[in-house]
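In what comes next, chain A is part of two complexes: it sits with chain B in the first one and with chain C in the second one.
Up next is the complex of A and B:
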């Protein structure tokens, strides 16, 4: 078979994989859970001040910034739901015995799974942003929708890629779905933020930690005072840092690309014992 | 073009825990042959099949399908293979139609052929009525039937099956046996690992006996039976044997061993005609009233136990 035809066949296999993975996501309860979270979370930011009559933030930027503070959490939860079992599940449930003995490259299978999970999370994140925009229009009027929302949205999608690659990486290492899902979740929710905080305490900027870079998603609305490095000292000698835009983007790209490649290499070499 | 469908050359697999599953395994299976793959638990049967289906990599050596190295070009080799390895998981959220469509598309089947074959294979494994029901609601036997359908979907030249009747009821086992016989009549190559010796002797003309990762014997079932050192005679008596009579039979040196099954005596001896005659004379001289005295047919199980040694167990 010619090289070109071989590549075309790999692409076809990936496409078939995407179709079936998306079907899986759509049929599982977890997609509905993620959709509910994407709808309920931003609605709460609108409904609670409205019901308690406490008033909204003064500017649309502040409102959006606090509202999108939870998009990181949504991305991490969604990645755990859609990708925690992407590779480990094939080995644990022994479906690999069926799928890997067919004439298709494992890279095509995993690429299909990655793109399908990415698509599912993009839908969830997009829904969150759409509801946020509708709320801004309702509260502040269409003219006050911050243009930086586009930048924030693109950063959120980039962050989805890096989080998904990290989850895929753990899914390729572990044989158990529970282990890979929990390790991914706690790494993103606890371990990396704790490491960031500890580095900050010892006055080292955690620029290389992806959860730190994710701060850019909301920082684009309300510029932090100490953008891109050590700022000033707060009470108690605590140094504050904020991610530099360029560095943060590159860190997210690096996590997305390197961890995805590593997860594919590990998964392809893994024996189905 | 070679007439060899499956070949392994010095195939070796050592797992990370140090277990040597295959020890320079060499087998050649001709196109159109149906070969049973037998051996005790841990002999290396599943390891061989997993290497042939690209599920694991060998430590050294080569495995070929139609002369192409599986390890180097799995996509090309697996195109011609239908396989069922161990007990795979199924995609419970899909229906049989959807699952088979996936595997058909992966194997580049066009829609018309795919739709036709889905109907045919589901009919063949007798789950047509469940074509559009979620697999999650299937019993183990039905899932197994579906997996067999998947292996047959693209009308492969070579069928590699590891314990295909596992989880099936007797009717299901017969159905699978019939399918394999049908494939043989279509000149397909079948490589079948099973612990059910009866299944293998019913369906395969040849068997590979494997032990500790090496081929112990590879021949036709008939040749193995003929070459077997095991020779038996069935003796039926008019009256049930007493303890004293049994004790006297034990003293006949020409008898290697014997069993009493439903009052009949099954004698192991060296297979020589002289010995056969002398044993009869000795039994008559003991005053035993013999109704019938005839050589027993040697089963594949007898051959297996003889070759492998009884301590290995059948598996």
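Up next is the complex of A and C:
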């Protein structure tokens, strides 16, 4: 009976934590910024060709693929906004000290923060996809909405989990909000893509890098003609690679799960000085 | 009548022999082009056989799709040519060699091969050889784009997402389970 009560308490505490964090996200301007980005970015792809009268892409797949090329960026920015300070903020502002006097476990608090950030980013990514679909319906008609959008959307959600776990991991390591936010942002925006590119130059497929797997979000529209492994040599003997679907998905799952567990373990064991 | 004396006759024979030897030697010296000093092969007349067209049964096939590549060979000579080999290849990989062909004088011949399309952009080349010797300027190439198979499935993505959610929500309950196990052990 006590076991069941313990488990139920943990779940309730996490639920309270999620509610609190979501309210906090809504109160902050960060959520509004992310919403604006999610609305403006896809609208630009519709408005610019319309205003300049340059015409849209020939196929709806090409249009969606180029439009969703920026969803990765939105996910990284959103993760930095919602999770960059999730753990480090508690230690920097010493608010983690309050956990000693509360019946809530740190695990429940941090899991609540994670789930709340996940929910917020899911909403933002969904908004981006909804606007893109509306644009496709407007330009190409409802019959030309690519079915691969479902796969792309699910891949984007999976990528959100992995990016958020990575951001949480850095947030649990560092005690400064600025350090954790900037390092997670630059790791996803610059360091990992640079490592991927360097590995490609030396003809090693960077299959284990999550930003490389994120290419699948747009690759599902069969835009690239090569999938999984080396595509072939281009000018200057440069080999092109594209992520394999199965490997890419499991890499994202591995990043999401392993880094989340690691961040929770580090955060729970961390001293509040 | 003057009679050539013996020593003079011997000298004449010697001069003739030397002259002949020199002429023979000159013939064995390789001809050079004067620029790089490399020997130039003697000019040979090659049969005028060319690939005039390459066509695909599908210009934009999908990966692993079997397509037919057709090549038309034109014999521009006034005589029949035998022992012709047509080599089909993509990039540097040979698809098929069609051997022992005979092409009539001033005639076209169309040869078809089947190719299981490999993803990526490829250069499909067709080359003519006669008696195993590739003919200069006989090769023709054409680019083809092979689309990769549609990738992924929704089910595996849903499973992957469910795994992540189960593990994340499971993490919440782990401390409670751990506490229960350790308390039970203490008792």
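In this section, the second predicted complex is superposed on the first by the 269 of 273 C-alpha atoms of A that agree within 3 Å, B and C clash if a C-alpha of one lies under 4 Å from a C-alpha of the other, contacts with A are read in each partner's own complex, and residues count from 1 in each chain.
Convention: contacts are C-beta pairs under 8 Å (C-beta built on N, C-alpha and C of every residue); 3 or more make two chains touch, one makes a residue touch a chain.
All values derive from a computational prediction rather than experimental measurement.
By the touch criterion stated above, A:161 is placed in contact with chain C alone, chain B being left untouched.
Of the two partner chains placed around the shared chain by superposition, chain B is the only one that A:271 touches, whereas chain C remains out of contact. Shared-chain residue A:14: touches chain C; no touch with chain B.
Once the two complexes are overlaid on the shared chain, A:173 sits clear of chain B and of chain C alike.
When both complexes are overlaid on chain A, the residue A:148 reaches chain C alone and has no touch with chain B.
More residues of chain A lie in touch with C than with the remaining chain of the pair chain B and chain C. With both structures placed on the common chain, the touch criterion links A:93 to chain B but leaves chain C unconnected.
By the touch criterion defined above, A:115 lies against chain C but remains apart from chain B after alignment on the C-alpha atoms of chain A.
In the superposed model, A:105 makes contact with both chain B and chain C.
Where the contact sets of chain A with chain B and with chain C meet, they give residues 6, 9, 105.
For chain A in complex with chain B, the touching residues are 1, 6, 9, 13, 16, 20, 23-24, 27-28, 93-98, 100-105, 269, 271-273. Chain A makes touch with chain C in their complex at residues 2-3, 6-7, 9-11, 14, 105, 107-108, 111, 114-115, 148, 150-151, 154-155, 157-158, 161, 216, 219-220, 222, 224-227, 231-232, 245-246, 249-250, 252-253, 256-257, 260-261, 264.
Chain B contributes residues 15, 50, 53-57, 74-79, 81, 83, 85-91, 93-94, 98, 102-103, 105-108, 147, 150 to its touches with chain A in the complex. Across the complex, chain A is touched by residues 119-121, 145-154, 156-158, 160-161, 163-164, 167-169, 171-177, 179-180 of chain C.
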